[in-house]
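Order of writing sets the chain letters: A, B, C, D, E and F. Residues in each chain are counted from 1.
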Amino acid sequence: GDAFRAYAKQLDAVNERRERLVKASRDVTIASKKVIFAVHRLPADGAGGGAEEAALGQAEKDLQLIRKTSIKRVAQELQDEDYWRFSRAFSPGMQEYVEATAVLHYAKTGRLLTYAEANAELSEVQDAGGQAFRLSAADYLLGITDLTGEVMRLAISSVAAGNKGAAASMAAFVGAVYEGFHVVPMVAELRRDLAKKLEVMRSSLVKIETASYMVHV
Amino acid sequence: TLFEGFRGELEASNAVREEIKAVSQSMDAETRKMQAALMGIHAGTDEAVASAVAKVREHLEPLRTLNAQLAAIMKQHPGQYYRYHDIWRHVHTSCAFLVAFVHWLEHGTLLTHAQVESELQLRHEEFGIDLEDYLVGVCSVSNEMPRYVVNRVTAGDYDCPAKVASFLSDLYAAFRLLNLRNDFLRKRFDGLKYDLKRVEEVLYDVKI
Amino acid sequence: TLFEGFRGELEASNAVREEIKAVSQSMDAETRKMQAALMGIHAGTDEAVASAVAKVREHLEPLRTLNAQLAAIMKQHPGQYYRYHDIWRHVHTSCAFLVAFVHWLEHGTLLTHAQVESELQLRHEEFGIDLEDYLVGVCSVSNEMPRYVVNRVTAGDYDCPAKVASFLSDLYAAFRLLNLRNDFLRKRFDGLKYDLKRVEEVLYDVKI
Amino acid sequence: TLFEGFRGELEASNAVREEIKAVSQSMDAETRKMQAALMGIHAGTDEAVASAVAKVREHLEPLRTLNAQLAAIMKQHPGQYYRYHDIWRHVHTSCAFLVAFVHWLEHGTLLTHAQVESELQLRHEEFGIDLEDYLVGVCSVSNEMPRYVVNRVTAGDYDCPAKVASFLSDLYAAFRLLNLRNDFLRKRFDGLKYDLKRVEEVLYDVKI
Amino acid sequence: GDAFRAYAKQLDAVNERRERLVKASRDVTIASKKVIFAVHRLPADGAGGGAEEAALGQAEKDLQLIRKTSIKRVAQELQDEDYWRFSRAFSPGMQEYVEATAVLHYAKTGRLLTYAEANAELSEVQDAGGQAFRLSAADYLLGITDLTGEVMRLAISSVAAGNKGAAASMAAFVGAVYEGFHVVPMVAELRRDLAKKLEVMRSSLVKIETASYMVHV
Amino acid sequence: TLFEGFRGELEASNAVREEIKAVSQSMDAETRKMQAALMGIHAGTDEAVASAVAKVREHLEPLRTLNAQLAAIMKQHPGQYYRYHDIWRHVHTSCAFLVAFVHWLEHGTLLTHAQVESELQLRHEEFGIDLEDYLVGVCSVSNEMPRYVVNRVTAGDYDCPAKVASFLSDLYAAFRLLNLRNDFLRKRFDGLKYDLKRVEEVLYDVKI
C-alpha cells in the first residue's frame, strides 16, 4: 500500500513532466515554422537588398527568442539521465528548430549549418543541472533531412521568378547533403525514420533537378 | 563529405549498444534457465517448491554479476541509462519477476521496488531497475498464480487458494492506486484482474 | 537479346518448384488421411486409441516413400534445401507431429529430432527435417493434449491427466530453455503454456 | 532434460547468423559509401561522371574482401546458402547495382549475371549472387536513369537520352520474357516501365 | 459506338440477373434460418412425443416450400454455363439451405444427410433449361461445416436439460464429420473458406466433449 | 468414412484444373513473347512498327492452337466455362490486347469483341472470350498509347498524336456508355482517362 502510494507519485511526476515537455516542444515547433515561412517570403530573385537584410535580421532575432523561451523551458525540465528518458517528448520540436536554423543559415550563406554550429548557438541554454543543453545527433540529422524539402521549395520559387542559376546551385547543395547521408552510420535513434526521410529527400532532389532541366530545355 | 565529423560519435554509440547487447543476451540465457527451474513449483508438492526455489537461487549470483557488468558499462556513459534502456528492459522485468516470485514463495510477501534492486545488489542511483519494469515483473508474478494454485490444490494444499487470493486482492488494490498511462503496463494490469478472478473460483471450489 | 542466357535458369527453377510441389501435395493428402485416422483416439477408450494408432501406422510406409521421392529430387539440387524449404515445411511439421504423437501414445515418451527422422527413414545429412519444423510438430502434439485428456477422463481413465500434465510440464520447461528466434515457433510455444494449464485444470477437477 | 541435445544446435545456428550479420553490416557500410560516391554522376558533366566512377572503383577491393569473408563463412556451412540468404540479399543487390551501373557508365552495355560475379571475384559454385538479386540490382540501375538523363541534358549532353532510351527499351523487352514468380521482383520491374517512359519523354522534350 | 451499346446491354443483363439471384438467395437464407430455429425449439430431453412429431412435420413442410418458391426462383434464372457464372451470387443461400435440411435430418434420424440425399430432395426443381437443379459439392460441404455448430448448440441444451447420453452421441457424430473433412480433397471452391470453418468445427467439437466431460466428472 | 463418395468427383475437378493450367501456362509464355516483340514499336519509326507487328503475327498461329486446346478441354465439361474461368482470364485479356493492338496499328480501328474472337478462331458459342476480359484488353491498348505517341513524335511522325487522340476520345466516349459495376474494369477505365489526357498534351506540344 505505502510502497504503491510512493510509486503512484513517481509515475505521476514522470507523466506530468513528459506532458510539460510535449507542450514546450510544440511551442518550439510552432515558432520555428514561423521562421521557415519568413524565409520563404524573402524575394526569390536572389538580388538581395535592404528589405531582405531586414527580414533575415528579424528571423535571426526570432530564433534567439525561441532559444531564450521555449527551448529554455525544455532544458529546465531536464537533468542527468532525463535527457534520454524524455527525448521522444521533445525531439519533434528540436528537429523543427534545427530545420528553421539551417534554412535561415542556408538563405544567408548558401552553406550547411554544421552540428557544431547548431550546438554553439545553444551554448547559453542550460539544463536544470547547469549543463549546456545540446542537440542529439539524431535530432540534428533528422532536422537536416527536412531542410532539403524547404530548399526544394526555394528552388521552385527561384525558377518561377526567372532566377536560372539558383536551381542548379540548390541541386548541388541538396545533392551533397543526400550524398552525405549515405555515409552516416546507422544508429538506433535514426533507424525508424531515416529510410523514409531519405526517400523524400531524393524526390526533392529530383524535383530541383527537373526544375533546373526545364529552364535549360 | 558532409557529416564526416559525426562518424566517430555515432559509431561509438553503436559500439556501446553492441557491448550492452552482449551482456543482455547472457542475462537472457540466465533468466531463461531460472524460469525453467521455477516451473518445477507446478508439481505442487512442498518438496518440489522448495527444490525449485533452491535451483533458482543458485543462478542468482551469476545474474548479479551480469547486472554489475551492465552497471559498469553504463558508469562510463553517465546520463545515458534511458538511451539504451530498450536493450535490457526485457531482462530486467524477468529479473524482477524471478526475485519477487521466489521471495513470495519463501515469505508470502511482495518485495518492494527498492528490495528487488538490493536483492540484485544494484544501487539505484548508479544503475537501477526502472519502476515500470518492476511493476511489469510484479504482474508476471500474478500471472503465474492461477496455475500455481490449481496445482497446489491438486497436490493437497487446500490452504493455498485463500492465501493467494488475499495476496492478489491486496496487489489489485495497490495497482488501482496507480494512474497507468503506459498502455503496456495497463494491459498487464488487466491480466491481474483475470488472475484474481480465477484464483477466487478455485477458492470457491475448495470451500464447497 | 539480353537475358537469353538465364531464361532457362529461371524456368528450370520454376520447374523444380513445381516438381517438389507435386510430391508435397501427395504428402499433404497422405498426412491429412493420417490426421483423420488419428482423430479416432478422442473416442477415449483403449481400443479406440489402439485402433487409431494402428491405422496411422498403416500410412507410414507411403509417407516414407514420398519423403524418399523428395529426397531424390533434392539430391539433384545439392545445397538448395533451404531454397525450396517453404514448400514442404508444412507437411514436414505434420510428419513430425504424427510420428511423435503416435510414439507418445504407444510409449509415453517424446521422440527426439533424430528419432523422428529415422522413423521416417530420412538420413539427416541427405534430406532431413529442419529442427524448427520438428519443434512446431512437437507443439502440435501438445495442442492435441487437452482434448485427449478430457475424452480419456470421460471414457473413465482418471490416471491420464496426471501422466499428460507431467509430460507437458517437462516439455514446457525444455522449451523455455530455447532461445527461439523464429516468431512463428514462439507463438506456438505460447499455445503450449495454455495446453498445460488446461490439462492441469482437468487434473484438478478429477482430484477434487 | 528434454531438448538438451539441440539447444547447442539452435545456438550454433544463431551464432552463424550473428557472424554473417557482422560481415553484412560492414558490406552495407561499404556499399553505402559507394552509392554516395556514385551520386556524383548527377552533376552531369563528363568529368563528374569519370570522377564518381573512379571513386566507386576504389571501394571495389574492400567489397571483394568482404564477399570473400562471407564465402569463407558459408564454406563451413555447406548447403545452407539459402538458409541465411535473407541476411545478405540486400547487400548483394547493392553490389550488383554498383558493379553493373559503373560498367554501363564506362561501356554502355549490361553486365551479365556471370560477369557481375566475376567482377566481384566470386565463384558461383562456391558462393555466388542469387539470380533474382542480380535482376533486382539491374532494376536499380534502371531506376537511376531518369535522374541521370535529366542531369546530363542540363549539363549539355543531348545525345544521352537516345542512348539510355535504347538501353532501357532492350532491358524492358528482355524482362518481359521472364516468368517472374517473385512478387518483389515483379514490382521492381513495373518501376522499370515507368523509368523507360520517363526517359522517352526527356528524349521527346529534347527533340521538340 | 454501336458495338459498345450492345456491350452495355449485355453487361446490364448480367448485372440485373446477378441482383435477382442475390435477392432470391437471401430469401432462401432467411427461410432456412427459421427452420434451424424451429429445430432448436424442439424439447431437448430426447423423449419424443406428439408435439415433437408435429414440429418436425412442420419443418419438413417449410423446407418443401423453400424448394418450391425461392430455390425455384434461383433455378429459373440459370441455364447451361450460368450455374458457375453466378454461383457466388446464390451460394450463401444454398449453404444455409443445406444446413437447415441437414440439421432437421439429424434431429429426425441422428445421421448425416448425404450429398445424394440432398440432391434427391431437389430433383423436382428445374433450371431454365429444364435440367434438374443440383447443389455443388462445395456448397453441400460448406453447409455441413455449419451444421456442426448447430449440433453443438443442441448438445449444450441437452446437457442443460439433463440428457446425459445425448452429448456423447453428438460428440461422436461431429467427430466423425470432422474426421471425414480431413480426407476430402481440396478443391478451388473450398480453399478460401474451409480452413477457417474447420477451426470453428474443432472448437464446436471440443465444446461438446467438454460438456460431456462435465456430466461425467 | 463419411464423404468417401465425393472423392472421385472432387479429384476429377482438380485434374481438369491442372490440365487447363498447363495449357494456360503455355499461352502465358506465348503472349509474353508477343508482348516483348510488340515493344519494338516504341523505337518509333515506320519500319520498327511494321517489323514488330510482323513478329507478333508470327506467334498468332501457336496462340490459336493453344486456344483450340483449351476449347477442346472445355468441350468435355459443358457448362463449366465459368467454373475454371479464373485460370485463363489473365491470358485472355493479353490475347485481346495483342490482337486488338496489332489490328489498330495496321488499320487504325478498334476490333470488336466478336472480331477478336474470330481473329483467334474461337467460336463464341463453344469457347469464347468473356466480354469483360475483352474490355480489359482494350484498356491495355489505351495504356500503351501515351508512350507510343511520344516515341512516334520523337521519330518525326507529327500526325500520330491527332490520330491517337481522336481514337482514344472515341474509345472514352464508348466506355462511358457502359454501366461499370465491375471494380477492376472501372479502375482500368480511369486509367484510360489519364491516357487520353497525356496524348492530348503531346498533341498540344506538337501544334505549338
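As a working rule, a contact is a pair of C-beta atoms (placed from the backbone, for glycine too) under 8 Å apart; a residue touches a chain by one contact, two chains touch by 3 or more.
This structure is a prediction, so every number in the text was calculated from the model and none was measured.
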{"item": "Chain at maximum distance from subunit E, centres defined as averaged CA atoms", "value": "A"}
{"item": "Chain pair with more C-beta contacts, A-B versus A-D", "value": "A-B"}
{"item": "Subunit E and subunit F, separation of their C-alpha mean positions in angstrom", "value": "40"}
{"item": "Distance between the centres, which are taken as Cα means, of subunit E and subunit B, whole angstrom", "value": "52"}
{"item": "Euclidean distance of C-alpha centroids - subunit A vs subunit C, Å", "value": "56"}
{"item": "For subunit B paired with subunit C, centre-to-centre distance based on mean C-alpha positions, whole Å", "value": "34"}
{"item": "For subunit E, residues that touch 2 or more chains besides their own", "value": "179-181, 183, 185"}
{"item": "Multi-chain contact residues (two or more partners), subunit B", "value": "1"}
{"item": "Chains touching one another, given as label pairs in label order", "value": "A-B, A-D, B-C, C-D, C-E, D-F, E-F"}
{"item": "Complex contact set, residues of subunit B against subunit C", "value": "28-29, 32-33, 35-37, 39-40, 42-43, 146-147, 150-151, 153-154, 202, 205-206"}
{"item": "In the complex with subunit E, residue positions of subunit F that touch it", "value": "1-7, 9-11, 13-14, 17, 78-83, 85-86, 112-113, 131-132, 135, 170, 173-175, 177-181"}
{"item": "List of subunit D residues in touch with subunit F within their complex", "value": "166, 169, 172-174, 176-177, 179, 196-197, 200-201, 203-204, 207-208"}
{"item": "Residues on subunit E engaged by subunit F in the complex (per definition of touch)", "value": "1, 3-5, 7-8, 10-12, 15, 80-81, 83-85, 87, 112, 114-116, 137, 141, 176-177, 179-181, 183-188"}
{"item": "In the complex, subunit A residues that touch subunit D", "value": "168, 172, 175, 178-183, 185, 205-206, 209-210, 212-213, 216-217"}
